[in-house]
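Order of writing sets the labels: A, B, C and D. Residues in every chain begin at 1.
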Amino acid sequence: MNWGSAGEFFAMGGYAAFVWGSFGVTAACIVVEIIVLKARHRAAVRALPANSAGQP
Amino acid sequence: MTINWFRYSSPASFYPIAGRLIPWFFSAAALLMLAGLYISFFVAPTDAQQGEAYRIIFIHVPAAWMSMFIYIVMAAWAGIGLAFNTRLSSMVASALAPTGAMMTFIALWTGSLWGKPMWGTWWVWDARLTSELILLFLYFGFMSLQAAIDDPRRADKAGAVIALVGVINVPIIYFSVKWWNTLHQGASVSLMQSPTMAKPMLIGMLVMALAFWMYSIAAMLMRLRAIIIERERNSDWVKALKERQS
Amino acid sequence: MNDLSLTAALWTVGSRDLLAAMRHRADLLTTLIFFALVASLFPLGVGSETALLRLMGPGVVWVAALLASMLALTRLFASDYGDGTLEQLALSPHPLTLLVLAKIGAHWLASGLPLVIIAPLLGLQFDLNADAQLVLLASLLLGTPTLSLIGAVGAALTLGVRGGGALLSLLVLPLYVPVLIFGAGAVEASAAGLGAGAHLSLLGALLLVALVFAPWATAVSVRIAVE
Amino acid sequence: MLAIIKLECVRGERRLFSNLSFEAAPHTLLEVRGQNGSGKTSLLRNLCGLLPPAAGAIQWCGKDIYTIADDYRSHLAYLGHLSGVKDELTASENIRMSAVAAGLSASAEQIDAALIRLGLRDFRDSPCKALSQGQRRRVALARLCLSVTRSLWILDEPYTALDTAALAVIKDLLESHLEAGGIVVLTTHQEVAITARATRRVELGQ
């Protein structure tokens, strides 16, 4: 176990900005991409031409 | 007559399959990511020279691998789509491109964030980083060419040509940049030559790479389903989709 | 189709483009003027200190040549696409790959070679010595055909596509990187006494690779464009 | 012999036609009719191999035109909406160069004869940018005069922008080609009576 305390863990040996900057941006990219994909799927479904009346 | 399984993997029949696969790939990605993060933070030892900053390697290297791997897979699918005229293969290529570009961006971002503490500059003209940057332009070229062409069929074929020409150039670009890099900076310590690759570090990177791979497949499948609906919106099977009622 | 009519066809396609280019001499001049202009901008931006300019000279002349040849690419297929000649070319029984190669050759003669010819003139601006000028000339002579070949793929792909100019540069410039590196590197290596042999042979290798792949890729792109 | 089997063509998102089958034997004039946007031009571009069909097959003498690509094109002459005339070149240069590029023999006499037949003799050496739209069509028709060795003529609205004199010339051109055993596939909106041993009609977009 490399870290004595949670504080030490977040300090990341003084490189907190760089390490958490990298991991944070990666996590953000993944989350944003998933959101964008979900929105695109929903928009594609909603944009379908209105099916004629009587269709299930 | 040989079974032409390209015919059966038509967008209509693959759409529900993709839908069922996505949760599996996402959960695999999540599990592998957790394992990878645990290894990279709690198992891998602190590095003698670089201290804790080297832990960025657990994202930088897998992202760089994935950016190259996705481009090659994308070019392969695009080539199959061009050769066999199968729409689904071309759709897979178009579905892969944005995720590949994202991986390239992550590789560049984490590369520069790692370069700053190590070399004091945000951008290092290291051979690998420079060719990552050019790879990003190749991705943008593919995506903007496809975006600029309205007819989906022509966009697929044009994209396939530029992807295939690009994939031939990727190794050439890498070696010419490597040649150029050694000529100018001499054999400086390249970003990737981190000190002796301790065993847990290698495992950490491999696990993270697998996690990114599972994630990329899941993201591709999601985008693929959206592309299938966008392109097949006039066909009957799309109109009869259950989802429309929700 | 016997070979005689194939060579005649290739020769005719090439000479038709050269003839059309000659009757549009203005376009040819704009490419050259653009080349000289871009190369002359750098000293204005960086300062006229000769040691620095001598160091930067090859790179600047190469980048300017690369941009100028890319600008000229739109002329390669655009007018033929517009008046239906490209369509007829795609319908010729002769292999489109060779017909396209003839067009690219004519395009290089009309816009690539002139760049090479006036490059030494620009080399003077950067106080390059005779040896460096010679290697610059050799590297451009080997490099500009490759630029035309690779650029032809982009030109064919962006036919009739909106945003053609900017899109063409986005498609083609990343692929120009190896040619630029070895081209500019050749002059620098010879200036540093390392001899430009390696770089020039690599430029030659790139040219051969381009000669093999680019015409095929361009022919496929042309067929896609005239659909 | 040209055979079309269950052809389907999609343009962008719209399916223009599907399950289209017909044949054209030598000496046949095949007229393709239909309103604007019914896919006439797309069908013709399918037939000459420029536009790959979404489904179905096109065969020339029993062989798929995409497998015998270059050979098929040695039997084909196509006149599209674009006349294929370069503005910078003169009429005779245009004809000579496009004929040689297409692998056709084009001696000076043949070119002159074609120009005279199309009434372009005194425009022989003037750049085509000075010619009117009708005259450019005549230059394209002059190239057709040189394509007598090609058995399959595919013409997209060949009569547009032509005056009565030119119409007479093209009528004569088509009839002699059909008589010599050629096949002509054309789209038109005008009623021009062409005598041919067999006349077929394909109606698109019902």
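Quick note on the criterion: a contact is a pair of C-beta atoms (placed from the backbone, for glycine too) under 8 Å apart; a residue touches a chain by one contact, two chains touch by 3 or more.
Treat the numbers as computed from the prediction; the structure is a model and nothing was measured.
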item	value
Centrality ranking, top chain (CA atoms only)	C
More contacts between chains, B-D or C-D	C-D
Whole-Å gap between the CA centroids of chain A and chain C	44
Centre distance in Å when chain C and chain D are each reduced to the mean of their C-alpha atoms	36
Distance between the centres, which are taken as Cα means, of chain D and chain B, whole angstrom	47
Separation of chain B from chain C, taking each centre as the mean of its C-alpha atoms, in whole Å	32
Chain B: positions in contact with at least two other chains	233-234
In chain A, residues with contacts to at least two other chains	none
Residues within chain D bordering two or more other chains	52
Chain pairs that touch, as defined at the top of this document	A-B, B-C, B-D, C-D
Sites on chain D touched by chain B in the complex	10-14, 52
Residues of chain B touching chain A in the complex	41-42, 45-46, 51-53, 55-56, 59-60, 63, 98-99, 102, 105-106, 109-110, 113-114, 116-117, 215, 219, 222-223, 225-226, 229-230, 233-234, 238-241, 243-244
For the chain C and chain B complex, residues of the former touching the latter	150, 153-154, 157-158, 161-163, 167, 170-171, 173-175, 177-178, 181-182, 185, 188-189, 202, 206, 209, 213-214, 217, 220-221, 224, 227
Residues of chain B touching chain D in the complex	85, 150-153, 231, 233-234
Contact set on chain B toward chain C in their complex	82, 134, 137-138, 140-141, 144-145, 148-149, 154, 157-158, 161-162, 164-166, 168-169, 172-173, 176-177, 179-180, 183
